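Next, two complexes with chain A in common: one pairs it with chain B, the other with chain C.
What follows is the complex of A and B.
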């Protein structure tokens, strides 16, 4: 939530000057290489995350948001996916130049991840308590009894009712929301500084969605943990993110403080996306539609990937990728008419 | 429509009389007989493994729901997963037989109607266009299958032209006839799903989460398509969705379902702007909205719902929502509230303490104003 520092771009962004950001992604590129071709899935993605900050990576399916998350976590399926360019530095250390041994130590202990599908992410043949305690036994060197006690505390912390008695239950005995809480408990077991949540609430009912997001938010602010929230849901973003990185066809098209995208969106894609959300005024007129569909990553040309669907597209848009311009402090957009759009509220 | 159902649910006759007169005076549209009428439908399933059927626990998926749908109307059905919305859809489609109660399609009882007649009267648009289209069939085969199932609808020689017509209705061209589903985008696949449902010329379509599997930028296209098909073909929709902003956009009336029962029903704007039942309030509060106040901070909202849906095998006594309700009192535990009419027209809620008091109707003659005019 934005309770402490509402809507002001200053504090979170300016931090870079004093100490290295918690996470800094620079010009990240991810390719899928097959014998026949190599396809760029993530292109030139840069952003940073500060401690205690929630950054939403927003995009539709195929925009490269999940691949970006996997690259940071170091769990890309290699082959076929490879990091083709860029750097990811965590507390000043470049993760991509590290030996795998050190990388493995960071994974889970310092950077942790929550997945969308909790039923397939949990092992169906072990009890929930065993799985949470396993993390602590293997990684924190705890004994069985100590790990079990801590696991119960963790389950309690993520607001699973009657946690101690539910330790022996199996994943299928939990509801979707409760399983997602178990995932959160496992992810924070080693007290990481950065949490990556990939569509954590997409499969859940709206009532449960809000509860889970509130738990996540509370844990992040209590522990001063950075959160990368990978999602396609503008509503969730508006309530829970400090900043937004909007991706389209593998590139960042706009990045800004959350309120910025709702008050002065500076990219035609973000404008169109906001317009296609039903509001009461649309009842008579019909919804504003973005024509076409998101492109196949194989078919993205040299220019702006959104140009074929864009109502403002010009000839120059097809020639080269528009440069990223800063339209306001901390508000960047990759569009030739970004400034005009930002001024025209 | 809703008044008729209200009368059956056993509300006080005085209130009903008032409401009916009210309706006759205020309704712009003439009261036509409903195309779909669901009366006091109950559907139970026995679950569990006991060999003795009587010992198997009984799950009541739909618990006495009454609904009606007028020609050209869209009824939105909202609720959490497991509340019985999909069972209700199956009952309306005749895919499940009610344990008790009746379903009537255009005045004909579904129990006695033939399968062919039923499936040409009511059709389903499914949620996931990735798994609901047979990957081995071409677009032509998928849409033309309706004519195989209903040979009387079209002679063999006319089928191709009709399939092209159906695809034209949903915005696909004849060059897509020979494509397989994997060659189409998600939005195009859902269009094929809609064309398939339209082929037997139904008058009612049940849309079960028709856009939730689609990308945000494509959802609006499909919603607009459904809305324009409705006005050009005069379809009636039962629109099931968990996305409350989309339901509000498409629906004329909304029914909110909780543990197999309607807890609130009314014109969609009334339900959204003046929710009477605490569950509806909570549902609306839970939606993460992209709304901002003038100063750029997120819009203020009422408190959110706590806890999860109770075990449907062992629902709470009295009002089923009381275990999560902030208004719950002793009476909610001992007595289940009835679905009673509220002050505003066609608006009903099943609550002892609704935001707008039903009893107001009895005390102050709000309804008689209409009668005088």
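What follows is the complex of A and C.
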């Protein structure tokens, strides 16, 4: 446990009535800095994750969701990416103020990550058993024999059939779904409290997707583990997430419990997203696509980034970023007409 | 029952580097579990593949025999390589001298055997030196980037512009005379080749490390909290090393040939030392009357080079897991 480590710098929580959230991201900003310019990729993103909770960070490509995940993990490609503002506190300790050594110790042990492309995220020259055992040997101080036995248990736990005999196989000898399970085994090897899954099922077909997500969910509830599910797939979100953080052009536009976005979406972007989901009713009319394309992060103006594509856009939308308003308990939206949208189901 | 047990104990003694390819026959459930959870390092897996490759075994066998020849030439040939009787001058191969006699009536077979030492020393030392320096400087350049990378790369580019033979001629003709002891000549020759040879290794390694260090599994290793050096040595280098293996083994021949060319030009080793290059050089004027004098050292040179190239190629294939099964 992080709290048991006496040398960890962090606030003394004397008199704090409530236990700190597992993860608390406050006004996070991430910039890509080149010689000529600084581009804001993530702007003023705030959210919390509690133990045992699955939070979906939803957004299309380029919305900054992966960058947010990497920032939490501390694996931003620096340079050119820098954290420009905000704080990320994990169990009450600010990760961004921590020396790199402590940060590294937290990676894998307390916060872990699963990547989208499991073929490239596993080292091709080592057997999967070696790679899972390596984490245990190097990070948990286990001997080779103990680590191998534990690795086999872990592969068993993530439902790899015949796990013991597959320890010696190489990543290319596994199917995509099985490789993703190996990734999960590695990520949970040190029993982290928080798991970040960056599009874990995007490269897989739908049936495998569901199986992997069920495995993930089972592991999270068994271990009371928080899960940040970075995805663009509304279907996965609706089935597995407790809460949704919807991102657009680097900002959180709406955040609510999962049911909320389906029953009282309070942002034109989430409404448009829901409308664009293929349904049998669309058979005659064709898909309702959102007109236009997501903006280039360089060209996001001072106002609402979605305004150019928004059917409700007003003049005020372009003047300043709409303030985030609470439309219902735990349901926030960054839109000037959020309340009207929420009420008008 | 006893066989896997003995194997496990051996594994313990070997510090856990288990090679469990041993018992493949039917084993009881408990033993199966014990052996199947083992994972092995990349080298042990590679060795398992290599030992079933006949080409690799043959080439390694050839290299071993040649090495033995270099260490203990008297086991392979009797007599003094520098003693001959002029009455046998340029005699062809016979039962008395399998490879015939050279212009001074010296036994060519004896001389070929004794010549292995100089040629192999140059080949091994240069390969080891260039590869080590190349790997260190190449990965440092790729990993540090910025000014360090620029300095290493530019120095390498400058050295690469000068061919070995030319560099060898310049350095040897400046630093050595005919009176310089042979071991000094050989050391200078080896150092010259290393100094001018590392950049090509470093350059290849730098580019493969640059590609590999952005691979997802390197980021994943970081995300699992592995240390920077662990990621570099266990995850980046093994993936970046195979081009180097091929390049290095292919160049063994080149280094031996460089020594041969310099000796041929009269700049390398001189009598009483014997080297294959020197023998080729000696035999060249008698191409028509005593072809065997030139032929046999050339054959040995070619076989040595071929053995190293084949061994390197087999090693590269074995280290690539996609080639297994």
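Keep this in mind: the second predicted complex is superposed on the first by the 328 of 345 C-alpha atoms of A that agree within 3 Å, B and C clash if a C-alpha of one lies under 4 Å from a C-alpha of the other, contacts with A are read in each partner's own complex, and residues count from 1 in each chain.
Assume a contact is a pair of C-beta atoms (placed from the backbone, for glycine too) under 8 Å apart; a residue touches a chain by one contact, two chains touch by 3 or more.
Being a predicted model, the structure only gives us computed values, none of them experimental.
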For the three-chain model obtained by superposing on chain A, do chain B and chain C clash or fit?
fit
Of the partners chain B and chain C, which touch A:144 in the superposed model: first, second, both, neither?
second
Partner chain(s) touched by A:274 [first = chain B, second = chain C, both, neither]:
first
So in the superposed three-chain picture, is A:124 touching just chain B, just chain C, both, or none of them (first/second/both/neither)?
second
Touched partner set for A:112, first chain B, second chain C, both or neither:
second
Looking at A:168 after the superposition, I want to know if it touches chain B, chain C, both of them or none. Which is it: first, second, both, neither?
second
What is the contact status of A:184 with respect to chain B (first) and chain C (second): first, second, both, or neither?
neither
Could you tell me if A:134 is touching chain B, chain C, both of them or neither one (first, second, both, neither)?
second
Would you sort A:104 into first (chain B), second (chain C), both or neither based on which partner it touches?
second
Applying the document's definition of touch, where does A:73 land relative to chain B and chain C: first, second, both, or neither?
second
With the superposition applied, I'd like the minimum CA-CA separation between chain B and chain C in Å.
10
Complex interface listing, chain B residues touching chain A
80-81, 185-188, 215-221, 223-224, 227-228, 242, 244-246, 248-249, 269, 282-283, 285-292, 295-298, 304-306, 308-309
Mind pulling up the chain A residues that touch chain C in the complex?
73, 75, 104-109, 112-113, 115, 117, 120-127, 129-130, 133-135, 138-139, 143-145, 148-149, 151-152, 164-165, 167-168, 170, 172, 183, 186-187, 189-190
In the complex formed with chain A, which residues of chain C make contact?
16, 18, 32-33, 36-42, 45, 215-217, 219-227, 230, 234-235, 238-239, 319-322, 324
Which of the residues in chain A end up touching chain B in this complex?
1-2, 6-7, 60-61, 175, 177-178, 205-211, 213-214, 232-240, 259, 262-263, 272-274, 276-280, 282-283, 286-291, 293-294, 309
